[in-house]
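I am attaching a structure below and will ask some questions about it afterwards.
We just call them A, B, C and D in the order they show up, numbering each chain from 1.
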Amino acid sequence: MTRLHDPAAHTFASDNYAGAHPEVLQAMIEANGGHVASYGADPYTRRLGEVVAEVFGEGASLDPVLTGTGANVAALQALVPRWGAVICATTAHVYTDEGGAPERLGGIKLLTVPTPDGKFTPELIDRQAYGWGDQQRPQPLAVTITQSTELGTVYTPDELRAITDRSHAHGMTVHLDGARLANAAASLGVPLRALTRDAGVDSVSLGGTKNGLVLGESVVTFSEEARAGLVFLRKMDAQLASKMRFTSAQFLAMFEDDLWLRSATRANAMATRLGAALASLPGVTITQAVEANAVFVVLPIEAVEPLRAAHHFYDWNRATGEVRLMCSFDTTEEHVDRLVADLRALLG
Amino acid sequence: MTRLHDPAAHTFASDNYAGAHPEVLQAMIEANGGHVASYGADPYTRRLGEVVAEVFGEGASLDPVLTGTGANVAALQALVPRWGAVICATTAHVYTDEGGAPERLGGIKLLTVPTPDGKFTPELIDRQAYGWGDQQRPQPLAVTITQSTELGTVYTPDELRAITDRSHAHGMTVHLDGARLANAAASLGVPLRALTRDAGVDSVSLGGTKNGLVLGESVVTFSEEARAGLVFLRKMDAQLASKMRFTSAQFLAMFEDDLWLRSATRANAMATRLGAALASLPGVTITQAVEANAVFVVLPIEAVEPLRAAHHFYDWNRATGEVRLMCSFDTTEEHVDRLVADLRALLG
Amino acid sequence: MTRLHDPAAHTFASDNYAGAHPEVLQAMIEANGGHVASYGADPYTRRLGEVVAEVFGEGASLDPVLTGTGANVAALQALVPRWGAVICATTAHVYTDEGGAPERLGGIKLLTVPTPDGKFTPELIDRQAYGWGDQQRPQPLAVTITQSTELGTVYTPDELRAITDRSHAHGMTVHLDGARLANAAASLGVPLRALTRDAGVDSVSLGGTKNGLVLGESVVTFSEEARAGLVFLRKMDAQLASKMRFTSAQFLAMFEDDLWLRSATRANAMATRLGAALASLPGVTITQAVEANAVFVVLPIEAVEPLRAAHHFYDWNRATGEVRLMCSFDTTEEHVDRLVADLRALLG
Amino acid sequence: MTRLHDPAAHTFASDNYAGAHPEVLQAMIEANGGHVASYGADPYTRRLGEVVAEVFGEGASLDPVLTGTGANVAALQALVPRWGAVICATTAHVYTDEGGAPERLGGIKLLTVPTPDGKFTPELIDRQAYGWGDQQRPQPLAVTITQSTELGTVYTPDELRAITDRSHAHGMTVHLDGARLANAAASLGVPLRALTRDAGVDSVSLGGTKNGLVLGESVVTFSEEARAGLVFLRKMDAQLASKMRFTSAQFLAMFEDDLWLRSATRANAMATRLGAALASLPGVTITQAVEANAVFVVLPIEAVEPLRAAHHFYDWNRATGEVRLMCSFDTTEEHVDRLVADLRALLG
């Protein structure tokens, strides 16, 4: 097959515009050849189990799945019974961007709360945390939060603990959508465990693709309760890879030599550099704290389209001119500086 | 990441015990690097569209998905409305091996018919083709067949045409589960198109993984009706890969230089060789015609476990001692001959 | 069976605290005895079809179902395909009060818009009317509105027409949740047809229970498209009564001698009387226009519980002290005047 | 409303062709008038709870629902988690006659077993009772049986106990579809409790409509586990009546003065009389033991249509000429004798 694209192209559109980290592809090549058992009974998936116990502590499980939507749906289905509902932010990916899969595939009612910055607090949770026993209300039995958030902000371990304590006090479990958990951990300089198990989180959708995998997501759980039925749900949600060795090998690559951290650290650093440079430009307003690998910014309206033509990024709010600039594991200082220079030129 | 398995190991367990064909991994490496648009707006997916139009004719579409279960569910959801039911064989993978996904994820009622050899006929279809307009009966609006079948048998183009004609006469569409369509086409020496579009099939789950991909399945359709809503269903069924360039690149590798045909031809030839050799042994009964890459055989009971220890295969029917021996794209004459020699030795 | 309640008791809690209108029970007695075909093939259901054609015009169909939730779910499932989403107000009963049935039973994604008074406008619809063709967005293909609304307000025929015109221009159909449609028609002094078919509405959940039936709801449609699959959906949504003669007889009683109008007119008149009397009291604020059979009012906080003890009603907003007072077909001037007198006494 | 049918008409088509027992309608009239709380917080539903504890013993609960399909779906959803499957007979109503509701509304995979007479045995259950822990197999976690069966046969308490013991030994619960449980109890001369709770059954769909109610079904459970989430499931399955007093009043009428028993005894006696008379006629073959209120019989082919024109009944198997004759609470000796006389005349 012939290459059909320019391997030097770069955008600020999304961290899934990037390809895979070369170490990840190399791991897949190592895992190839010969026969191993399918559906997870292979040595790579077995080894991954050991690595996960090292990273998250004894009793932690990681079950590979195929998409972030699939991870969220299966994780939430395992957490709540058929009559359970899940509280989430109005901006949550699970509510706005998954084609209705949680409701339609998962049969899960989502109870939404508007948040100022994509982050929940105990008080915000309380707005939907009521009505247990009321037969006409979907029963709020879990909360799902996103880390780093859809707005590029990050929960500290203390903020997470406040949320999980309040949720648990209400008899609700806590799920964390960690499509970009690596970026949050890198940002805070803490291990993955500090933002999940040690903060009281019950179940995590741990993302791989946005961190540099070809294709790989997972559900990480810390108890038998949180994992109840998960392997059956994974199959019935069409998330079970037959040649699972290849998915597991990617995750092994991600954990080995801290590839996840190296990739996230770079992406975050580029966002910080970008945010700082933009903030110094006239007529440019940074709208969210730059805490992970995204920069939300309002640009002078006449600069948006010319800049987009060269660097590609998405609108966040057409009404206000707010756009989202996303950095990836392969974003370089040069990419950032070129965008800033182009914008400076446009602003005259 | 370190290799954890023996790349020389071989089994007769399943074609998903095999790894990926090296040309497939090479295509993924070519597709890597730089940024391209996600969710299918990349040059590899675009090129794949052109290749599909060459292979299946103008107007054909191939939408990549992630699992065979996901392909079947999304394809059937696109074919029938909420109140539609789908007729299938009692042995169909979609009915027995997909964790209830068609019913539970897809909301599709399956109406089953026992078949002698996994193959439908117009007469067998008629057993469930009734009750349109009866408000208490799920409305039979599609038929799904498997090619090559779960029993290693193959439909000829004429047999397919008889089925699709009858189904269409009843106002029902026809879906083909082609997880091993390549093996059927190789067996019959006809192009993929002859077994699908030209035979009147409306929608196909075209498999890649069992033919040598890392991970890749797809839905191929030949009309706007059969593809209605498919891209939305793909997302809500959690089958949409963000870095789709890698899935599409695998399919491109499969179609280029007829890799699909080379791989299927080899697997089939090994099954033929195996079947012929086994048939000549005393006390051994071949139970299904060997028409693709599987051999169904009743072995002398005392030979089963020792042989399994060395070559690994699955029971098909414990009551009768029938086992299934599956050949893959990487099965060699040596693998086959070794199994036959081992069995001959066991039989004394 | 012995009577266990006080038949003179009255509340302002809900129109489903009332029993059935005596003419309704009389119709059930008439329909009893002997054998008639089940599942709708009886003379009462047949006659109902004729009556419906008189009320709503040729080509209109009424399919009896069992609950308001069931009516809404089946009607919406018939209107939109699996990938369709439905736009509704944040206060819509279908979103807040149906136990998640539309999402979980119906597989329908709801796209919500906050409204000031429970009423949609073309501009409010536009807030969610976008993204057709975007594979990650549930496709907005229908709008559902409530008449009279959950806040006791009423759409005029012109307001409805503006909504249906805009929706149709977007390629979306319009469903009307008419659990209290009778109250709206009585309020405006127009026939049911003027608020539905003639206003461009495609499908209606026409309520019976809140208008004085024992148990009976229905889906009214005006085209084959809007009714597609409805009888199959009714069965698979567990809404098909076997002895349908009794449900149909209730609806016949409702339409004959304009019982629906007499009942709704009385309930509305009592709400008007109540609203007017309350508005004249010091410290009492009517919060929504009294256009149907509900009065939304903020009462002096110290009066709420004593008044509730005698007249029973529900809180609408605990934060503001807003309560909802609901009038029924059997509410009398005396009931209203007694509540007002009691409140006046409490206010000193 | 005018009467539109002949109250003297009688058929052998189905027990839902009959109307309601006059005592049932009288109970609804008693329950009418004035205001009581809706959704089950009324004195009739409260009293029903006490009666149920008398009939089935302390700790038993009866939750009214609206259709047999709704009862079965909600009961099974409460018994098994999302990944659970339910074993049933191939002839089970839940599998063949409910429009796919268990699968599509309930998300429940049904695992079927052919039975000779509609009755399960421990050995038949074992045919599907395997595969726990196999991630690709829907997990068999409950068994559902029908009493009296779809073929008019009856399980004895000992037969039930054998089934529940085997099921429980497998870790599976047992649901009983009791649309005609009254007929079975009347046939065996035992209380309802002997065929349910005392026989180890966990959950029952207790039918009312076929026993003479206007409209009323229910789920009866004997433990908190079997009832888990049932009231929430009832709402989300659209089975919650707002004016529940009327449903509960019907059930009170059914239990008071043993109306259920009187009605079932009469229907059974008529079937016995009919079966005995038919068996004595030449060329007539009774095909199932007449143990409840149904007679399955093969009639001489030339007699079928003339007899059907006068007495209306359904074909059971067109290939063999087998028909089903159903007796109801209002079937009389005269009805039976007239059919027999007519048949005798036809046979010359």
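The rule is simple: contacts are C-beta pairs under 8 Å (C-beta built on N, C-alpha and C of every residue); 3 or more make two chains touch, one makes a residue touch a chain.
Since we're looking at a predicted model, the values are computed, not measured.
*Asks:* Of all chains present, which has the mean Cα position farthest from that of chain A?
*Replies:* Looking at centroid distances, D is the chain farthest away.
*Asks:* Between A-D and B-D, which chain pair shares more contacting C-beta pairs?
*Replies:* A-D
*Asks:* Which whole number of Å gives the spacing of the CA centres of chain C and chain D?
*Replies:* 33
*Asks:* Per the centroid of Cα atoms for each chain, what is the distance between chain A and chain D, given in Å?
*Replies:* Between these chains, centre-to-centre, one finds 50 Å.
*Asks:* Taking each chain's centre as its mean C-alpha position, how far apart are chain B and chain D in Å?
*Replies:* Spacing between the chain centres: roughly 42 Å.
*Asks:* Quick check: what residues of chain C touch more than one other chain, meaning two or more?
*Replies:* Chain C, residues with two or more chain partners: 39, 82-83, 98-100, 104, 107, 135-136, 138, 232, 235-236, 240.
*Asks:* What residues on chain C touch chain B, complex-wise?
*Replies:* Against chain B, the touching part of chain C is residues 39-40, 77, 81-83, 107, 135-136, 138-139, 228-229, 231-236, 240.
*Asks:* Please give the residue numbers of chain C that touch chain A in the complex, ascending.
*Replies:* 82-83, 85, 97-100, 103-104, 107-109, 135-138
*Asks:* Any idea which chain C residues touch chain D in the complex?
*Replies:* Listed in rising order, the residues of chain C that touch chain D are 1-11, 13-14, 16-20, 22-23, 25-39, 42-44, 47, 66-70, 73, 98-101, 104-105, 209-210, 214-215, 232, 235-243, 245-247, 249, 252-253, 256, 312, 328, 330.
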